Amino acid sequence: MLQINRVTKQFGGIKAVDDLSFRVKKGSIHSIIGPNGAGKTTLVNMITGVYKVDSGTIFLDGADITNISTDKLVYRGICRTFQNLEICENLTVLENVLLGFDKYMDKSLLKSCFRAKSIQVDEARYKQRALHLLGLIGLEKLADQKAENLSYGILKKLEIVRALGTSPELILLDEPVAGLNPKETQEVSNLIKTVVADEVTIILVEHDMKMVMQISDYITVMNFGKKLAQGTPEQIANNEDVIRAYLGSGVVC
Amino acid sequence: MIELFGFLLSGVTVGFVYALVGIGFTVIYNSSGIINFSQGEFVMAGGMSTVFLLKAGLPLGVSFILAILITSMIGIVLYKLIAFSKNSSQISLIILTLGFAIFLRGLAEVVFDKELHTMPSFVGDGAFDMFGTVLTYQSILIMVVSIVIVVALYFFFKKTKTGQAMMAASINVDAAKLMGINIKKILMINFALSAAIASIGGVLLTPITSTNYEVGIMLGLKGFAAAIIGGLGSPFGAVAGGLVLGILESLIAGYVSSEYKDAVAFVALLAILFFMPGGIFGNTKAQRV
Amino acid sequence: MLKRYNINRDILTLSAILIIVPFFFQNDFYYEIAIVSLLNSLICIGLNMLMGYAGQVSLGHGAFAGLGGYIAVILGSKYGITPLFSIFIAVITMAIFAFIISKPILRLKGHYLAMATLGVGIIISIVLNVEDELTGGSDGMSVDSFTVFGYEFNSSLQWYVLCAILLVFTIWMFTNLINSPFGRVLRSIEGSEKAANSVGINVSHYKSIVFVLSVVIATIAGSLYAFFSGFISPSEASFSHSIELVVMVVLGGLGRIYGAIIGAVILTILPQLLTSFEDYQTLIYGAIIIFVMIFMPKGIASVYEDLKGRLFASNK
């Protein structure tokens, strides 16, 4: 589904991502792991068009999507979440999820100003769908709360649900359980599994090894911008290079 | 050629005053992240206070020092007001400093008057003859004092304990607190220092351009322009920005149109913001992602 | 019926106030202040949409209103175009101008955006002062009377009715807009541009649209002001007018639909009340701004909402 061909990104002499290639299979959960500074978030930012690649190409289902901007990629079926939570705290929980459906909504100025019937009807329909999504994470009751009043753990889940609103084919999750307690981690992990049931391909960047090993179909290990290893969770767990890299950086699997 | 040299000289003179305003602005911005829209009024306060203290019969030196002290006190009052307003957003703090500027203008109207004032130069009205154009003693004084202030600030921030503490506080507030640095006191000193620098600019400029209660508006804005042109946050940038601005203004006024002189600063400001958002000396990392 | 058009209680209240207030007017001067308040309210609604909802600061809207006014006036006086049509051309011109400058300017953030809009505003005001052959320079120029299809606006009451209807209509459209998906997009930009971008929103496109809209409203209000007062001068486009407008919006309450009106009305009336203090006018004006920003940084409308919230809470 997603094909990454020899992409490179430099930040002033330092190669954050260096000649990296891999493929992501449709319907899989493909995790990208590696020590801090290995270039994982840079990679996500390149796939989602936040950074321009210095060289290399990225293909989605055979179509070149290299350097296409984030908002246009949403229309091609790619959506992402952020390592450092990006939630509109000035909106309500429901409004945040409704934002996910934005690409389907009619926002013509005249119709909005004069309160066209079609907009009202659409809004009501998407509200139902948004409430359904909130139901998945048990948040219907908090729908009208301002997002700023909610806990970090809930907002992390909210971000994933918002991304689902865009009905993506590929979703990139950048450290979805960072900073969550074990219970919340399990909930997010369950959420991700149910998402896969809907046949969405997932690229997961995560440090939580337990979760990665549990839910991944495939793992790519990065170190210093390069691909260190690739394989199924079992293969990775027994790969000596990976163990060395992780012990070297002080992270225990 | 002689003409050009004359324009350059007067440009540099005014440029140094813009630089002083810009530095004062930078000192507050670096320590608190606040854009102080009353910086120009500090300049006005310095000039007007000196003029009226002189009129009251005080000697020049005493008036000068008192004016700086008065303006520093005004700076501290502004800090107290800002410290008093809790949980304010960036925009409401901008409005607060704008309100303070209006307040100071109103105060100057009441305490002083609405007339245009000038005062004698510290160093007399003499001038050197340089390659056919004149360089007044006052211009030389402005340049010397400005350079002395820049150098003194450099040593203050690099070499003295208080200065280093202030730098540390501007870089990382939490870490500085852990180190036992009193942030409130530091901020207060910064506001006073900034006001003092601005007031010196005001006193130095008054013999050349005169002063009145409204003179701060344009001066303040041009000082901001200087700071941004040089790169927001860098005192040396403010000096460079001030000089570039002063010279450009003088050249445009001399060769193109004196009416559009005041527009120069803002055209330059926009050009820098659009094409070099980090300024000449500032952080080149784009502020416009 | 009302519900379908979203004519809610607030809009009815506003209309009622606008109808009742003139009964207390003792002379033309009251009308004059009221009309200026209404026109300032209009500009502030647009500015509030830009600042309070989309989160983009502008310190140049006085200049945009002034320039728009000048274009309309000059078209009328130099080229004999009828007022309504010249306002229309001014709106189109300013919309194009705003769209062009919006692209580079709205890429800037925070202080940089504030300084850039300020810069554009001051350049406009300098040009209006210098190009005296066209604009009459700092003395300003007189403006022909306002006629629409032969119907002349010459009494204060006519102007008041015109501006009041315009305000109610604008606030109705604005309420609809803010509560539509479009409005949600605007608020999301203030909340997090990255979040908005990640769900497919072209952030810079929407910023441009709001900027253009707010400039269009400012142009309409600025032109009407010129026709109403029969005179236009560069002070309409000055830095202090731009600041005044921003203060109105912030004082009333950023991101509150009626905040803009509250701020505009208070700050239009305030200087009139202070004229009796003569020399102390500026001083008191500044002190009031400082006071409000210290004790109610979210604006007067927020204080009202807090009070309302507390009353409801105590009822429960």
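A, B and C label the chains in the order they appear, each numbered from 1.
Here is the rule we use: a contact is a pair of C-beta atoms (placed from the backbone, for glycine too) under 8 Å apart; a residue touches a chain by one contact, two chains touch by 3 or more.
Quick caveat, the model's predicted, so the values are computed rather than measured.
J.: Touch graph of the chains shown: is it line, ring, star, complete or other?
T.: Shape of the chain contacts: a line, open at both ends.
J.: Let me spell it out: compute each chain's centre from its C-alpha atoms, then which one is farthest from subunit A's centre?
T.: B
J.: Need the central chain here, defined by C-alpha centroid distance to the all-chain C-alpha centroid.
T.: C
J.: Quick one: subunit A and subunit B, Cα centre-to-centre, how many Å?
T.: That pair's centroid distance is 48 Å.
J.: Round to the nearest whole Å and give the separation of the Cα centres of subunit A and subunit C.
T.: 41
J.: Between subunit B and subunit C, what's the gap in Å when you average each chain's C-alpha atoms?
T.: So the centre of subunit B lies 32 Å away from the centre of subunit C.
J.: Give the residues of subunit A that touch two or more other chains, as numbers and ranges in rising order.
T.: Subunit A, residues with two or more chain partners: not present.
J.: Show which residues of subunit C lie in contact with subunit A when the two form their complex.
T.: Against subunit A, subunit C makes touches at 5-6, 173-174, 176-177, 180-185, 187-188, 190-192, 194-203, 209, 213, 255.
J.: Residue numbers of subunit B touching subunit C in their complex, please.
T.: By the definition above, subunit B touches subunit C via 35, 81, 84-85, 87-96, 98-107, 109-110, 217, 221, 224-225, 228, 232, 257, 259-260, 262-263, 266-267, 269-270, 273-274, 277, 287-288.
J.: Can you list the residues on subunit C that touch subunit B in the complex?
T.: Touch list, subunit C to subunit B: 51, 57, 104, 107-112, 114-116, 118-120, 122-123, 126-127, 129-130, 239-240, 243, 246-247, 250-251, 254, 279-290, 293-295, 297-298.
J.: Mind listing the subunit A positions that touch subunit C in their complex?
T.: Touching subunit C from subunit A are residues 48, 70-72, 74-75, 79-82, 86-91, 95-96, 98-100, 102-103, 105-107, 109, 112-115, 119, 122-123, 159, 162-163, 165-166.
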